[in-house]
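Consider the two complexes below, in which chain A is the common component and chain B and chain C are the respective partners.
After this line comes the complex of A and B, so read on.
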């Protein structure tokens, strides 16, 4: 038997021969194509070449590698390579109890972790048929909407940054920092809050949070307007986003897009209205949509959503009921057997979770559906035909967060 | 065409289908004007410990409820199921993930590669017989070489195992946490 030069001894298991990393990560894989799609991608036409973007590249918003097939300056095809941040959160959750899953799910969507940490909480509550105190529900909505605004502000900054504009992200960070400090006063942490609990929230509203919130509310709408003035009519920004990365309505739906990328095509699918949860049915707000489906429409939609979120926060503060913030939940939580599916609207789209319990204190299966994972798929449809420089703007307009994509 | 009774709990209606009927059922749910299940909310692989399942969640503007389609009882040694990428091309990555984590083969998916793990990886991490070494000394995962299996799962495994808890149920406190207390079919060394 001849030795295969591409095989080396595995570090994990000395008995095993594996492909060398050097050959796996070559631009053209050393092995024959494994799928129809891979064969098509690596069959090079005349004048085409491959370039690698990432995995460590500032505009990929994390560790994402994209193999671009280009012809001159134009992208012909691309192949995103994921998994650089894969931690196996679903498996880890199966090995801890239901309470552990909350902090394990926190770093999935690290820009808006109030949403990802809600996943095991809401699933367990549904399986337990648990009635959450109304004050806790209102506090959750308040925290979610604040976090949505913080996330959207960063989105606008990042999008401009990927197009070469440095100013908007500074303004975005000012706004985000105020919200993050506010949430830190509420939860104790700036980024990974670990605030939601099965049956309620970790603590009641406090004075520092409320005074910071009051300060912020007094200028929130004006700041959102300022933010829009920075970019809305900036000629370079508009030229590089309008008409770029257009996806039509049917294709967006078939690609399983949710959140702003879907609503920018004119489909008013927002889980807060499509499948109401928490106290959203009691609140008044619109679902902004756009028809164009391009990067500019996605950008404008984020601005509209910030205003709607401020409107929601206004109502929540007016309607905030008194009462406890935690239901009575045992420390050792045995969740009755069954299946449950819950979905909430995160800044990036539908964040949903399918949980199974076998009656023990640990989740049997916790499947987390991250909207960025599905939204990122659209780059395969949006990027071909555009210039290399525009590909990153298109990706930024989909607002992917690699923490959730790689799980 | 349904493989079991229709059940409803909370805000979710649940139907069960077999892999042979999956394509027809999904096409009907998607295309029939009175059903209009146009949005695929989620696609999840599940290992129940004895069989594999693929669970779909669909949404329609005709009803506020979720529809859960459980396509089930796939063989653990050779789980095969038709792809739904002909209806939702966005299911492609979800199916790649289910393939990567469970080894479920989606027939008709034109890009069924691993998506998270590296191409040379050979195990399916979310399967119930893939054990993690745990901090706990009572963990059944202790002492098991888990990262890579020399042979693909179909050849190593005869009896599926199901592990729950941190091992309190399977190994009494004080017992030596050796592989001898585990079913014989875990890990490559058992089949040798």
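After this line comes the complex of A and C, so read on.
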């Protein structure tokens, strides 16, 4: 969608400012349309009105703003507005050295930051051609899978909360809190862990972490079943999510979906199996898929993935080797010049990064591909034609995290 | 003036409250003595009694209205606290536990907080409509309490068209919601108000149709007569004679009260707070109280119509007759003479000592004061319980109030549990459910009841 040069006008041209004081609270932008699409969207038909969902709204995830054009309760068209959380993380990463990039990338995926902080780490290791100790690799997998469960638990709670259920979000938070406390014992932080290092991890497993993990593992599967019982047999929940926001395989390929929304359409694409990294080839696990591609399928898929993650953690604890957790890496790290691309499977899909180094101690360029951004594209195709209540359920079932979308 | 203002400004808060009251008290005393000496006061008092005697119905009505208006706010506080605690229990949380024992004061303090907040009117709002909307909603809720019989002889007004009055006045509430939604100059409010109108007007129909079966069985619309018709044991309740009507009424009442799963009017994840988005301060408080008063009233109406009102679930009178037991709990205090004074003087201290001393002896580490306090509490609890049982047996209205509030709050708890467990339905599902399922079911119930009545009367 390229900008039409005849439509692009200067923003401070006083003749072209929209002079409508009554619409100061309207969603219409205070400048003339800059693209054909904007002109089409903000031209109102008969009986239509614009309504802002976000950036301050009880149910938007983060600071996503969606301008809905509605006719009564039915959504006619929508215009997602991004950028309310833009910090320029990729640029900031170029100004610090490679170690600083780890903590800068942490808040990108703030629900599961163990994945986003792996980006500069894995790129630097690939450029350095570094051999990471096996114990460190196993600890990374352990931390990743724990974080995946914590993230998925919140997904289920959010979906129910956006449909009006009060209780599942709190059950999800109980489970997440146990995991977060566990990871806090391991890393010292509850949310932005800053735990992975180039060449290993920051610290070895300690006693408190292991005892908490043991406590949690004894009831993890039962808790996941309990949480699902509250919603699986709930007639209203099933009725509202089944057949809602159906993504077929073709649409999933066109919109570059990855992660659970893609696997819910029946395509078994998971980076852990498709392009194996770390020690995943040594572990046994399935890639759960669903055929329906609707919100309910995505919900069930998250439940299945929680069980697979618990299965992986079981194996990791059994196979955990002895040894160091950190390779020998110089304090002033000069990464050899070159380019590298790495990808891992985050709770929301393929989290990948393209990095360049010019041989100095700073990254020359880090381009981070966030799955939430691409999953969010489906919103524009799914929402029109639904009621306002359903837009929330569709958005929650795609599970966007604005930290990574706005970067 | 400083001779007055300086001591006044140095007084404590308690002094500032007590001093004017003291002056008022002295002034009143002087007036009363003067009135007695001149003979004006007895004439005035006699005249007042005469007026009350002549217009006893009007004064009874005014008294009832005042009592019911004063009753609504505490009832809403109790329900809000109950909801906070019950939902916390469902969510595996602690809930309010800081304000007072078990947090019982939290909802009251919420009320004061709402009073203290800024009363905000948005730019572009239609100010008169915006101001009147919460009042209309609140009045619509409160005025319906008038016809609900709480206990034998304890009701505001025994209308022969009580049910019709109830539905007519309860329908006013939705006008307030629409007024709030329209006048707020906010699209979320507008959507909320229109949703409220659509949902509540749709659900009025099954709600009213479900009640028609009960009206046909009793032949009257007076709520008092409907409760009297259900006296006996629980088999006589209309919930067992009209089970389908009861279920329809329960579902429709959930939508009518705007409760989960039909709380689309203020669906916070979709339209922020619906019609109440732009309201703050006590105006919001009116909406908030109206919602909970409405919840209580719908529960009370459900109890009145289908669950036997004030009647106990089991009538033990036949059992007592069969066992030849007669309960005579009437006490004439006058017959005791001066002995009454001795009982009042001696029984409480002796009872407290009789409980305290064993405690003090067993718990040797306790001080006497601690044992005394524990004994005092125990005696008061036991005494209160004895008094309550005696009142329950002696006065029928105490027993009636006990059963009525017990049943009504059980129904309220049911609504609260539904809120803790169910998600929300969509607006088209909501409307479809009313028009495709509830109204046909209510009509079916109506035809079956009418047919059964015809057959029974023809025999």
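By our rule, the second predicted complex is superposed on the first by the 378 of 407 C-alpha atoms of A that agree within 3 Å, B and C clash if a C-alpha of one lies under 4 Å from a C-alpha of the other, contacts with A are read in each partner's own complex, and residues count from 1 in each chain.
Everything that follows uses one rule, which is that a residue touches a chain if its C-beta (ideal position, glycine included) is under 8 Å from a C-beta of that chain, and two chains touch if they have at least 3 such contacts.
Everything numeric here is computed off the predicted structure, so don't read it as measured data.
By the document's definition of touching, neither partner reaches A:190: not chain B, not chain C.
In the overlay built on the shared chain, the residue A:256 is in contact with chain B alone; chain C does not reach it. Touch criterion met: A:387 reaches chain C, while chain B stays clear of it. Of the two partner chains placed by the overlay, neither chain B nor chain C lies in contact with A:219.
Looking at the shared chain after the overlay, A:319 reaches neither chain B nor chain C. Set against each other, chain B and chain C touch different numbers of residues in chain A, with B touching more.
By the touch criterion stated above, A:229 is placed in contact with neither chain B nor chain C. In the overlay built on the shared chain, the residue A:160 is in contact with chain C alone; chain B does not reach it.
The residues of chain A shared by its contacts with chain B and with chain C come to none at all.
Across the complex, chain A meets chain B through its residues 10, 12-13, 15-16, 18-19, 21, 24, 29, 31, 34-38, 82-83, 86, 88, 90-92, 95, 126, 253-257, 269, 274-276, 338-341, 343, 350, 352, 354, 356, 358, 360-362, 364-365, 367, 369, 373-374, 377, 406-407.
Per the touch definition, chain A reaches chain C in the complex via residues 22, 25, 49, 51, 57-59, 73, 160-167, 170-171, 174, 230, 234, 236-237, 239-240, 387-390, 392.
Chain C meets chain A in the complex at residues 87, 90-93, 124, 185-188, 191, 260-261, 263-264, 267-272, 419-429. Interface residues of chain B facing chain A in the complex, by the touch rule stated above, are 9-12, 14, 38-42, 44-47, 55, 57, 59, 61, 64, 66, 68, 87-94, 97, 101, 110-120, 125-126, 130, 132, 134, 145, 147-148, 150, 164-166.
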